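Order as written gives the chain letters A, B, C, D and E; numbering starts at 1 within each chain.
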Amino acid sequence: MKKRSTTVIAIVGALIGLLWLFPFYMIATNSFKTPKGIFASVLSLPHPATGDNYVNSFKALSFVGSLTNSLIITICSVLLIIICSSMAAYALQRNHSKLSGGLLLLFISSMLIPFQSVMIPLTANFGGVHMLNMWGLMFMYLGFDCSLSIFLYQGTLSSIPLAMDEAAEMEGANRWQIYFKVILPMLNPMTVTVAILNIIAIWNDYLLPSLVLPQIQYTIPLQMFNFFGEFTKQWHLALAGITLSVIPVILFYLFAQKWIIKGVTDGAVK
Amino acid sequence: MKNRSLSFWLFLTPTLVALALVVFIPMLEGLFYSFTDWDGLSFTKMVGFKNYITLLQDKAFVNAFWFTVAFVIVTVILLNVIGLGLALLVTQKFKGSNFLRAIFFMPNMIGGLILGFIWQFIFTQGFDALGSALHLSWLQNWLTNETTGFWGLVIVTVWQMSGYIMIIYIAYLQNIPNEVIEAAEIDGASPWQRFTKITFPMIAPAFTVCMFLTLSNGFKIYDQNLSLTNGGPYNSTQMLAMDIVNTAYNASNFSLAEAKAMVFFLIVAAISLVQVLYNRRREVDL
Amino acid sequence: MVEINLDHIYKKYPEAKDYSVSDFDLQIKDGEFIVFVGPSGCGKSTTLRMIAGLEEITKGDFKMEGNVMNKVSPKDRDIAMVFQNYALYPHMSVFDNMAFGLNIRKNDKADTKKRVEDAAKILGLSELLDRKPAALSGGQRQRVALGRAIVRDAKLFLLDEPLSNLDAKLRVQMRTEIAQLHQRLGRNFIYVTHDQVEAMTMADRIVIMNAGRIQQVGTPAQLYNEPVNKFVAGFIGSPATNFFDVKLENGHVVNDEGIDIAVPEGQLKTLKEKGYDGKEITLGVRPEDVHAEEIALQTFPNAKVNATVVVSELMGANTMLYSKLGNIDFIAEVNSRDYHEPGDKLEMAFEMTKAHYFDKETEETII
Amino acid sequence: MVEINLDHIYKKYPEAKDYSVSDFDLQIKDGEFIVFVGPSGCGKSTTLRMIAGLEEITKGDFKMEGNVMNKVSPKDRDIAMVFQNYALYPHMSVFDNMAFGLNIRKNDKADTKKRVEDAAKILGLSELLDRKPAALSGGQRQRVALGRAIVRDAKLFLLDEPLSNLDAKLRVQMRTEIAQLHQRLGRNFIYVTHDQVEAMTMADRIVIMNAGRIQQVGTPAQLYNEPVNKFVAGFIGSPATNFFDVKLENGHVVNDEGIDIAVPEGQLKTLKEKGYDGKEITLGVRPEDVHAEEIALQTFPNAKVNATVVVSELMGANTMLYSKLGNIDFIAEVNSRDYHEPGDKLEMAFEMTKAHYFDKETEETII
Amino acid sequence: ACGNGSSNKDVKITILQGKVESNKQFKQIASEYEKAHPNVKIEVTSIGGGTQYDPVLKTRISSGNAPTIFSLDGPASLKQFKSHEADLSDTKAAKAAQPGTLDAVKSEGKTYGLPFNVEGYGFVYNKSVFKKAGIDPKSLTSYDKLDAAVKKLDSEKDKLGIKGVFALPGKEAWVMSDHLLNLYLSKEFDGNAQKLYKSQKMEFAKNAEMKQMLDLQSKYSIKPVMQMDYAAQVNQNFSQGKAAMIQQGDWIYPTVDQIDSKFAQKDIGMIPIPVKEQEGKLPVGTSIYWAVNKQKSNTEQKAAKDFLDWMYTSKEGKKNVVNKLHFVPAYKGYEGMKMSDPLTQVVFDYTNDHKTFGWAFPGYTGTPWDTTVAQPNLQKYLSGKQGWDKTVSNMTDGWASQQKSAQ
């Protein structure tokens, strides 16, 4: 009986999955078509298939350089976000006062501000102190993305028993040690989730880096937009470029997914 | 942690500083500009509430507002139902569940602008082909009017974001202690009862977060709007964010755009925060 | 009212090297009250969880009324359970925790309320029905866990150390309540406890386990009086049976530490028949069968030893004398009137008719 | 090695209506072994947690070596604690759980390893050092929690029911280990237990609490022999003291259920002096002071009652006779040799010299 | 020709421009210039794709990261960046500019921009389809002739292997609001964007003619028109031979070339759209200009002007403009050069023959009227939601009220 229901679930899942995959089928197949092939029939299989798009796209994107930039920016920003926002969430969650409730709302409300309305003052301010570069960008990502991360962490922290803090405190650990050695490891599944969400956001971000980064620090999306002129959109290159740039993220996701596991707090308290 | 304690503030400092410098100070500047005739570079005079009065009379803004509200209502419901549904689906134990998890999430790995293009093809060609093959007229002529534009946006948004919502739900689902589920099984709860009585109440924080996210993202959505319909036809599918952006860039009326942004912020903040405060009350500490 | 069969059940956890439960074979009769005892980590909870359907059975069949239940999901087994770690629903009040199982079964609201309130009264939780588990003391949580089971009328009750965190008085009270519940419902109960008094007083039959295997199944008196091996003899009774390594020589058991005791006639005969004459064996004497009163010394003149009291613990009516015989530690439980100071040297007598003899290799009981 | 003062401490949880601990006043001497006992929910853990600094003290001062510590953070109090609910770090192995406190203090790695391994040996956890808590049995988890405390050398040890989930044999063993640790380190220990044997055998002094208030503080013998009120008399000793509502008339205590017993001379004098002649009082007799042997009946001819055995529980050396006297339930703990069937009617004698008398209103002890 | 006076000092100039298509080429040209002028460093940044150019320029300016050379698109942006625009009247390039090309960027007698190029639009047609149908595209000089030809083409659709005569991109509102509308407005403002930009009133007297043309395109277009965007029009339909002609300009050449370069080279041509009184004339104009940042140091400004002069007036520069950038030059001195593709050649020829009229529409691109009035109203009309008269009155009224409030 149990067997059958999981089979049904698996089949339903697979069907929905196909629906989800269809656009990717389009991206993948069209990336192997000639420009003419793409517009002759977007839905068909590539005929004739060509790998040229990948070669050309790889060159046009200065792939190695821009991949390096993308990697540096994404990894550093995400690390910064994870550390800082889990710390903040920990402080807020373990403190039951009006103040911390208010601060949380402050963080949350910051997520509602339309980016475009702060864009010009923000870059003006950062330009004023010569921070329009990678490092400034990372700091901006911290400012923009910490709120969601704090919000996510904050919800999970409530399921980590306070007894964990207490036990560690009794053993002489200070706040930092408690956070770092006891709490953070137990947040792993959420950390991975936060990492995934932030990585995809930062990896694909175009607008902010386009305002902030000097040319030598260009990321993949910035290079990619050279394919999108006002009139001529070079879809054959863009699709190949997208495929190239999305592979690292998918690999990361598949790798990271394993950490989103059940029962991190099992066995902690009676 | 006492809020008088040093560590409380030390833990909060990095994010508070970043938030202030990156979001709040620029926003206050923006607020200031909304009372001027700022053009994005400089301003010549203070204009008081002129911009706020203008925006109330701005039909496009009001239209965009209602269109966005309808969009938000539909997507909030769909995203949470589907996102949670997918999360429940892929947290079942069966072969390939991990693989499916990746598939459902994949749409997020590609930026909204590019997806708009892909989906245009699906709507204009895929739907047309399907519609004529199945003799379903409603599948044809998508994105050519307000209704199909609306549902087109809904479909793309749901398709893309439900994976996002899903992984948030997954993260919280995995946090439910096993023993509680076991206890419910012993108490004789069916899977559905387990879900409504145990799982769902225990992932209340996830619900709060996801409600908030879908709500605020629904209001703020821009990329999909731009790439799929670009507000068209005849600006009928233009949403709030796009209206603000267009006011600023196409019409070069930055101060009016800032005023719109402030009004937008107030409205969305009021709705979302009420939602958060309401939901938080249902959460429990373990 | 069911008959339950556990047919040679094995359990191995994926993370563990060894089997946590091996060859567990037990037939439970309709309405029986079974108690599992055994040292910590011996597999009691695991067995209970397999019966409940919470752990997969690695090998063997679990049957209820003759039907193999291995694949039946827990919710369809109609079992009430007290988890060793409580497993309360943190988001529900005490009332809702206890009412959950009844609500799920669409029990009449008024009846549910009554049952929960009755149970709460018994458990001393009436004042706390609105609290969330987080705001309860340890013992109160345990009582809620117990309450959750006793409000229900299941086919089978599984109780995993349900009273371990309660005070003695409450424990005695609860014991009675559970016994009465058992009588009233006539269901099968399986009860895990570390409390010998509970085991002895509540059980129809006790299952004593060690390292995942059943050692002996029997009534309390059987286990107490006829342990099948040294482990059982050492486990049942508190303090534990004293064991002495001795040699059977000339109808006496002797060793270098000063034991030289005549073996009673009947026992000697058996021992000789089984070929233990002149062999090393283990002698087991319960603390309560070691006497120090004058009258006992006179009664058992051939079973006297010279011991030194190391620690003397007054425990109400009785006193424990932690003593030494040569280099061997042993315990005597004597009447408090026979008080002895630590350091006292005195004669003690073993009540040999109640003694047991074990094979030194296999540790099986000889007599 | 510290002196600890708890000066009129109060605790009220925000969620609770009443004080969970009230006017808790206790001076602990250097190196003392204090045991807290009391019914479930009486405030033991709360008091411990206030000492540890985990709960804020609502009113009153907690002092170590004369310094008020109320505001000192737990990590600076140098206290080792076993939590009632274990509070193990689920992401760390057993080894890391136990080593955590030492690592935090930058203890030498090799020394840490040795200490943890020694503790693990004592606790029977040597095989399990690599496991995560989730893969342990209940008792094993509790042992890890205990291990985490005993590897450390703190000023003060707080142990909240550290042995409740262990089997009797292991419990006895652990008891000894803890006692030895106490002796070796000479630190102050505060120990919460529901096990009377533990309380009686380990404590220098016992603090008995009820409903958040201290009832009596004293050595085990004091509590046993000179309870200050009916609660203490009823709580210490298992089974509990039997209470009878009686009237003091003509040097006898009498009631309608069939009690008519002469009060010994000395006691009578005191009772009369205190003005209880002709008044209603409560008589308390411990089960072990109710006798059924012939010799006792002869010894106490003026203290006999006619009882009916309802249930008879064999408990090794002794047997509990759950009996009825008229309509009053009471328990007699008699030698197993005096076995009686349920339903037997027999004479029993109260050892009145050990009896206690309580004011019926205030429940304070008269004698 | 080369820069002088600053040869002893190193100078770096930065360029920000909004024509992403030419990003690569500008970079190549810049590095060529660097080689010849070792003391000059040039950094080129291009903005395009999904982002608007203006806000990026604004943020660059307000964050103190302003470029030395930047691009402008018409009077509206000219006004916005006024404070940063240097007078370019005395540059060689300004002097060489074709008459009329500077009208939109002149104010108070000063020149603030230099045109990138000129562009022209009309009906881009498929030569072989017309040939098969036996129609000479050059003969379609009046609406009636066009109408007849269209009907003929339409009736022979299957034979000609096309799906429709036109491919009207209803989704790209600017095709109507900028290019088509310009045909019927230009005369009213003498083809001068500046004039339009400053005008309080818009008569739009020739609106009936526009309706006729729009209806014709719409009726004989591949359907559904409201779904059609630029890619569908050019890449998918026209370049694949599915439409006989489309209303587009010389800028589509690279796109067509990318899809089918043989087709692009051999098979396409462009004719003017027949408009009364302007028959045989091609609308030619400039959509984008260079400006030099006057807030930069004099040396930097000088170097910037030198570079622009070099690019448009030197021999190497001219070659690049024609062969690399595929521009139709907006400057004199290119006479006799051959354009790199058939469409630009058409524009170049018409220009040389002076058979052109100007672009007025840059006078309203960049104003709210374009996106909030003209485009939605035309789309509403196109999709049948609104009658033509209402559309026209909305547009003219809208213009008036915008111009009034801008004062």
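Going forward, a residue touches a chain if its C-beta (ideal position, glycine included) is under 8 Å from a C-beta of that chain, and two chains touch if they have at least 3 such contacts.
Molecules present, by chain and UniProt name: A, B = ABC transmembrane type-1 domain-containing protein; C, D = ABC transporter domain-containing protein.
Treat the numbers as computed from the prediction; the structure is a model and nothing was measured.
K.L.:
From chain D, how many touching-chain steps at minimum until you land on chain E?
P.N.:
Steps on the shortest route: 2.
K.L.:
Expressed in steps between touching chains, what is the minimal separation of chain A and chain D?
P.N.:
1
K.L.:
More C-beta pairs touching across which pair, B-C or A-B?
P.N.:
Taking the two pairs in turn, the one with more contacts turns out to be A-B.
K.L.:
If I average the Cα coordinates per chain and compare with the overall Cα mean, which chain comes out closest?
P.N.:
A
K.L.:
Between chain A and chain B, what distance separates the C-alpha centroids? Give it in angstrom.
P.N.:
Computed from C-alpha means, the inter-chain centre distance equals 16 Å.
K.L.:
Using mean CA coordinates as chain centres, what's the gap between chain B and chain D in Å?
P.N.:
Roughly 59 Å separates the two chain centres.
K.L.:
CA centre of chain C versus CA centre of chain E: separation in Å?
P.N.:
The answer is 93 Å.
K.L.:
CA centre of chain B versus CA centre of chain E: separation in Å?
P.N.:
Each chain's C-alpha centroid was found; their separation is 37 Å.
K.L.:
Taking each residue of chain E in turn, which ones touch at least two of the other chains?
P.N.:
Residues 49-50, 55, 58, 62 of chain E touch two or more partner chains.
K.L.:
List, in ascending order, every residue of chain C touching at least 2 other chains.
P.N.:
73, 84-85, 138
K.L.:
Mark out which residues of chain B touch at least two other chains, giving numbers and ranges.
P.N.:
Residues 40, 113, 177, 179, 202, 248, 284-286 of chain B touch two or more partner chains.
K.L.:
Show which residues of chain A lie in contact with chain B when the two form their complex.
P.N.:
6-7, 9-10, 12-14, 16-17, 20-24, 26-27, 42-43, 84-85, 87-88, 90-92, 94-95, 97, 99-100, 103, 105-114, 116-122, 125, 139-140, 142-144, 146-148, 150-152, 154-156, 158-162, 174-176, 179, 189-190, 192-193, 196-197, 200, 203-206, 221, 233, 235, 238, 242, 246, 249-250, 253-254, 257, 260-266
K.L.:
What does chain B use to touch chain C in their complex?
P.N.:
Residue list for chain B touching chain C: 177, 179-180, 182-190, 193, 197-198, 201-202, 204, 284-286.
K.L.:
If you look only at chain D, which of its residues touch chain A in the complex?
P.N.:
Counting only chain D, the residues touching chain A are 52-54, 73-75, 78-81, 83-91, 100-101, 104-105, 132-136, 138, 141, 148, 152.
K.L.:
Considering the complex alone, what residue numbers of chain B touch chain E?
P.N.:
It is residues 39-42, 60, 113, 120, 124, 141-145, 223, 226-227, 230, 232-236, 246-253 of chain B that touch chain E.
K.L.:
Which of the residues in chain D end up touching chain C in this complex?
P.N.:
13, 15-16, 37-41, 45-46, 84-85, 124, 131-132, 135-140, 142-143, 160-161, 164-172, 194-197, 200-201, 220-221, 224, 234-235, 237-240, 286, 288-289, 313-318, 333
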